[in-house]
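For reference, chains read A, B, C and D in written order, and residue numbers begin at 1 within each chain.
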Amino acid sequence: MSAPCLNRFEKPPLLRADSISKAFGGVQALLNVSFEVSEGTILGIIGPNGAGKTTLFNVITSAYPPDSGQLFLDRKKIQNRKVHELVRLGIARTFQNVELFENMTALENVMVGQYTQTRCGIFAAAARLPWAVAEEKQAREEAMALLSFVGIAQYAENRSGNLPFGWQRLLEIARALAAKPRLLLLDEPAAGLNAVETRRLGNLIERIRHQGVTILLVEHDMNLTMTICDRIIVLNYGKILAHGTPEEIQSNPAVMAAYLGTSEVSPLIYD
Amino acid sequence: MKPECFKNRLYYGIFLPVIAVSGFVIDSPYYLQVLTFIGINTLLTIGLNMLMGYAGQISLGHAAFYGIGAYTTTILTVHFDFSPWAALPCTLVVTGMVAFLVGLPMLKLTGYYLGMGTLGFGMIVYVLFREWSHVTGGSSGMVGIPSLSLGPVSFSDSRNYFYLVWMIVLVCIVFCQRLIQSRVGRALRSISDSENAAKALGVDTKDLKLKIFILSALFAAMAGFLYAHLVTFISPGSFDFMVSIRMVTMVVIGGMASIWGALLGASVLTLLPECLHAFADFEMVVYGLILMLIMIFMPRGLTRGLMDIYERSVSKQI
Amino acid sequence: MRQIIPIKKGIKRLCLFLAASLLFSSPALSKDTFKIGGVFSVTGRASFLGDPEKKSMEMLVNQINAKGGIDGRLLEAVIYDTEGDPQKTVNAVSKLINKDQVIAIIGPSLTPTTLAVVPFAERSKTLLISCAAGILITEPVKPWVFKTAQSDALAVASIYQHMKAQGIKKAAILSVSDAFGESGKQQLEKQADAYGITVIRSETFGAGDTDMTPQLTKIRKENPEAIICWGTNPGPAVVAKNVKQLGLQIPLYQSHGVASPKFIELASDAAEGIYLPTGKILVADLLPDNDPQKPVLQNYIKEFESRYNMPVSGFGGYAYDAVRMLAEALKGSNGDKEKVRAALEEMKGFVGVSGVFSFSKTEHNGLSPDAFVMVQIRNNTWELIR
Amino acid sequence: MQEILQYLFSGITNGAIYAVIAVGFSMLYNSTELINFAHGEFVMLGGLGIVTLWGGSLLPLPAAFVLTVIGVAFVGFLLERVALRKVSRSQPIVLVIITIGASIFLRGIGMLIWGKDAHAIPSFTKLSPMDVFGAKLMPQSILILAIVLLVVVGLHLFYRKTLTGKAMQACAINEKAAWLSGIPSDQMVLLAFFLSAGIGAIAGIIIAPITMCGYDMGILLGLKGFCAAMLGGLGSLWGSLVGGLLLGISESLGVGYVSSSLKDAIAFLVLLLILYIRPTGILGIKEAKRF
């Protein structure tokens, strides 16, 4: 089950997970999960609720350490690092329940995302040193560009907590992109979005990929997953149930069995 | 951004002339002294507001830093004959070091537990002030702190001291205003909204919280320095638990996450007891009542509350 | 929305009130009164001092005015509460000096608050007659600062004299951890040798502590021959109770800080047998008729108790003496501060409630050691020990 | 042996009182996520209430006890209804400041009613101290311990066995869900205030005979109770008991074996160490909400 899968692409894997296990009390959230993500691809992670998808995300971003197993980013070990250090290494994420800085404007949210890209400290800021002012100006322009990229530039000065939910999702993605990640983890970005918004989101994810960002996507919306992902992992009870291209996954009998009865998703798989 | 900027200019526009003019117009050293105390309390409140309002970390022991500032400069000037100006950097360094050493383990705590931890720290420092009597003078306090002077300008004159304190307050206000609009400030504010998200964006929240903790301790130390050289006497009673609580109250009454709120909160709570003398034995009852009423009717603090009332009355007229 | 109108009114009123109190209270300089100030800790932990002090001052000022004032000019008293807080005291004294422009200030009640305002009095050349006991207030002598409360040194001397007479050689100290206790402890340790007494253990308790058994247990281990407790109510009453509960059969001495009927009320049965030094006020009726203080004391007690309907203590006497001496010094001065100060400094043999005062250029407390007498509590009342 | 026993007796007596106060803090936090800084004032009202009702020989002890507790509980009720209900949706720190205002207000009222002096009442029992291996055990101490245990066990049963208690816990865990299942959460909060103030009053009553009651006694006792609650872990009933006893014992042992003047510093040092090792108190499980 944990046999390393063959690589369709020439490039070396950007992220490699090797036998990751994680338990909470008696619940085995992840068991010997291994996979690889090649640079510039989109890997989808699907599975029923409670299958361990978000746990996997949290382990990758070091929100909690794995019980066993190893994680490599570009052959560099990344487990047991501080969450904020991973950002500098090039991993950024969004959250399942949007976690914006609600009391700040949309623009400011994105500018927090640039934290690792800028370096102005307390005293440089207070003294308004020329380079700090220049850096601030450039950061602001780049942040505006990112807002335009996701399509909400006109709301730059709005308090982010007041934005409609769909735009909050987009803002969160813009904020994550501001950290200039090599690997972007999207945790159910389409949840709560309507069909139009979801299509626009798919389009956005494609555009992000074209900029060379590798994407790890947890998503319940099968339409979206199947269309944009290069490869898909199916998790069930913390184990990898299947691994392959969207076509392979759709015809996998084990997946079919696992999803039987979960009316929410099963029709989508076979449509 | 635009209306914020405008409001800010407006506040400076009110603040600067009021300070400049009141220094000229007010002749009575008493009023100048009360205004000076407002300035000192504003310093305390601004620092604490950076920590509470912006970084979202509570401290119920900030009087300790205020006291460490006051005692360090006192000990240096009285026991070691330092000039106050030479004692100032030492005071800031000592307080900064203490804040660093205390903050490092303390900021691991969250919410009320952090409140409890800082409260405990404040109590320990208070006991040290009281019991380490051959250095700190014990409960009776220390006398003979020199007044400040700079060349020909003597700050034992109330007016000069008034200007000195408010100059420093102004510098601190500008400092904080710029800080919260900067990269660090944004990261700071992001912590109080969602610490998880801030971390996930690469903000070293632990480090940043510690920095702000130290910064707010430095503000308190500065206030302590100014207090010691104004009153020229200090005793542990000025830095006890109730003083910490009063500082927190000033922050919340003025309005969290608002530099101008800190100024307003400090002003109101410093003036209030002076105005309530007439109530004699009823003073406490009235004071408590006013505190409650302000919070009940303006839960977001005086600045926001007054602004809301103003905006409502304007919209009603239209 | 309906709530908003009253709030708005309330806030407007508050603002008006604040503005008015700042603007319209400019100093009213009336040439036909002598203005004197008082700063006492009327509320707060030390209210047992400040409250009777304020009352005594008000009472005396009324009496003097009823008799036509001084040199035909009435006295005007302005009294502020310090709550025992140094910052508030500094503000209050500054207000008295600069806004009310008083000739002299009575108070503050506590040593730290007094020390905090001494520089202000000195700088503005305003007479300050403190009601606090701390020895630092008048040592070294500052031209404008006097005090009427007996120094702790005198109380300690009285206790040690009594202990020496009883043949006690080993004593333990239990003092409150504030300025009063600290100063008492220092004096006790300093003077012990002179009386051939060893202080074998020195413990402290917090002003608000509810149980002193641990301290007493620790003291008991050392087998002292007497315990001296130095504090102000209610702590020493708890100590008295705990001593009885632990079954300690050695004499317990208290300080003059508890010399009020309140102590007997608080400690009730446990007060029995306790020794303490006190100003003569508690035993005024027991004094021999030739004691010069007797009429003054009896007069003060009668006036205070009839006016306020509460038992008198020695504490109000500090302010009472201060005002009386000030009134004396004001005579013929025409309100000139330096003249008043000089008159006070030259005052000799002034019989007051706390003792007989004789000031000089080098002595600004001016009480002789006989300001204190030792009393013992028996059958819920004071008994004079000779 | 004799000494250490005596220190322990004293520590346990004081600790038990801190524990009752801590229970008041803790149960209120459980239901409202609010630290009530006026809690010490309930203790003060309880102590002074019994001074007047029983010490003034107006009523026999049981009647005075019950009346005081109910009276103070009613004050707690009023505090919630009049001052806090209106702003219950604000940031918790705002509510905390209101309770600080309330504590100053109540202290002022206490001063106006009972004056500035302290008051004392005799022991509830006329029994003389008992001798245990040379150490003196006060009957009042046993009484205090018994009442404290009664309160804690009573509350425990209330939470476990009664419907109201369960409903209250449900509110504490998830207010919205409780509301959806038909539990009137407003009333539960009100009840929590009522109970916590009443428990505060009990603390004041049992401490009255061993110490002196004055209008300002609430500050220190409230502070100590708060510490005990945090030490044990906010929201945990048994944690409060453990925290209170630990605080009391560390104080008295601190006096006994280190220094009486550093007593408070020692107690707080112990507290900081424990918080460092267990950032949510000894028995605390809940992550502390932001203030």
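One rule holds for everything that comes next: a residue touches a chain if its C-beta (ideal position, glycine included) is under 8 Å from a C-beta of that chain, and two chains touch if they have at least 3 such contacts.
Model, not experiment: these values are computed from the prediction.
Engineer: Hey, how far apart are subunit C and subunit D in touch steps, shortest way?
Structural biologist: 1
Engineer: Which chains, taken as a pair, are joined by the highest number of C-beta contacts?
Structural biologist: Chains joined by the most C-beta contact pairs: B-D.
Engineer: As a quick test, compute the distance in whole Å between the mean CA positions of subunit A and subunit C.
Structural biologist: Those two chain centres are 72 Å apart.
Engineer: Averaging only over C-alpha atoms, locate the centres of subunit B and subunit D and give their separation in whole Å.
Structural biologist: Subunit B and subunit D have C-alpha centres separated by 31 Å.
Engineer: Please compute the C-alpha centroid of subunit A, do the same for subunit D, then give the distance between them in whole Å.
Structural biologist: 48
Engineer: For subunit C, which residues are shared contacts with two or more other chains?
Structural biologist: 43, 177
Engineer: Please output the residue numbers of subunit B that touch at least 2 other chains, ranges allowed.
Structural biologist: In subunit B, residues 130-131, 192, 281, 283-284, 290 touch at least two other chains, as defined above.
Engineer: If I count partner chains per residue in subunit A, which residues reach a count of at least 2?
Structural biologist: As it turns out, subunit A has no residue touching two or more other chains.
Engineer: Determine which chains touch and list them pairwise.
Structural biologist: Applying the touch criterion to every chain pair yields A-B, B-C, B-D, C-D.
Engineer: Quick one: which bits of subunit D touch subunit C in the complex? Just the residue numbers, please.
Structural biologist: Going through subunit D, the ones touching subunit C are 3, 6-7, 9-11, 13-14, 17, 111, 116-120, 122, 129, 136, 138, 207, 210-212, 214, 216-217, 219-221, 251-253, 255-256, 260-261, 263-264.
Engineer: Of all residues in subunit B, which touch subunit D in the complex?
Structural biologist: Its residues touching subunit D are 52, 56, 58, 105, 108-117, 119-121, 123-124, 127-128, 130-131, 192, 241-242, 245, 248-249, 252-253, 256, 281-292, 295-296, 299-300.
Engineer: In their shared complex, at which residues does subunit B touch subunit C?
Structural biologist: Listed in rising order, the residues of subunit B that touch subunit C are 28-31, 33-34, 37, 130-131, 133, 138-141, 143, 156, 227, 231-235, 237-238, 271, 273-275, 277, 280-281, 283-284, 290, 293, 297, 306, 309, 312-313.
Engineer: Show me the residue ranges of subunit D that touch subunit B in the complex, using the header's touch definition.
Structural biologist: Going through subunit D, the ones touching subunit B are 29, 35, 37, 83, 86-87, 90-91, 93-94, 96-98, 100-109, 111-112, 219, 223, 226-227, 230, 234, 261-262, 264-265, 268-269, 271-272, 275-276, 279-281, 287-291.
Engineer: Please name which positions on subunit C make contact with subunit D in the complex.
Structural biologist: Residues 43-45, 47-48, 51, 177, 203-206, 208-211, 213-215, 217-218, 221, 233-234, 237-238, 241, 245-247, 262, 265-268.
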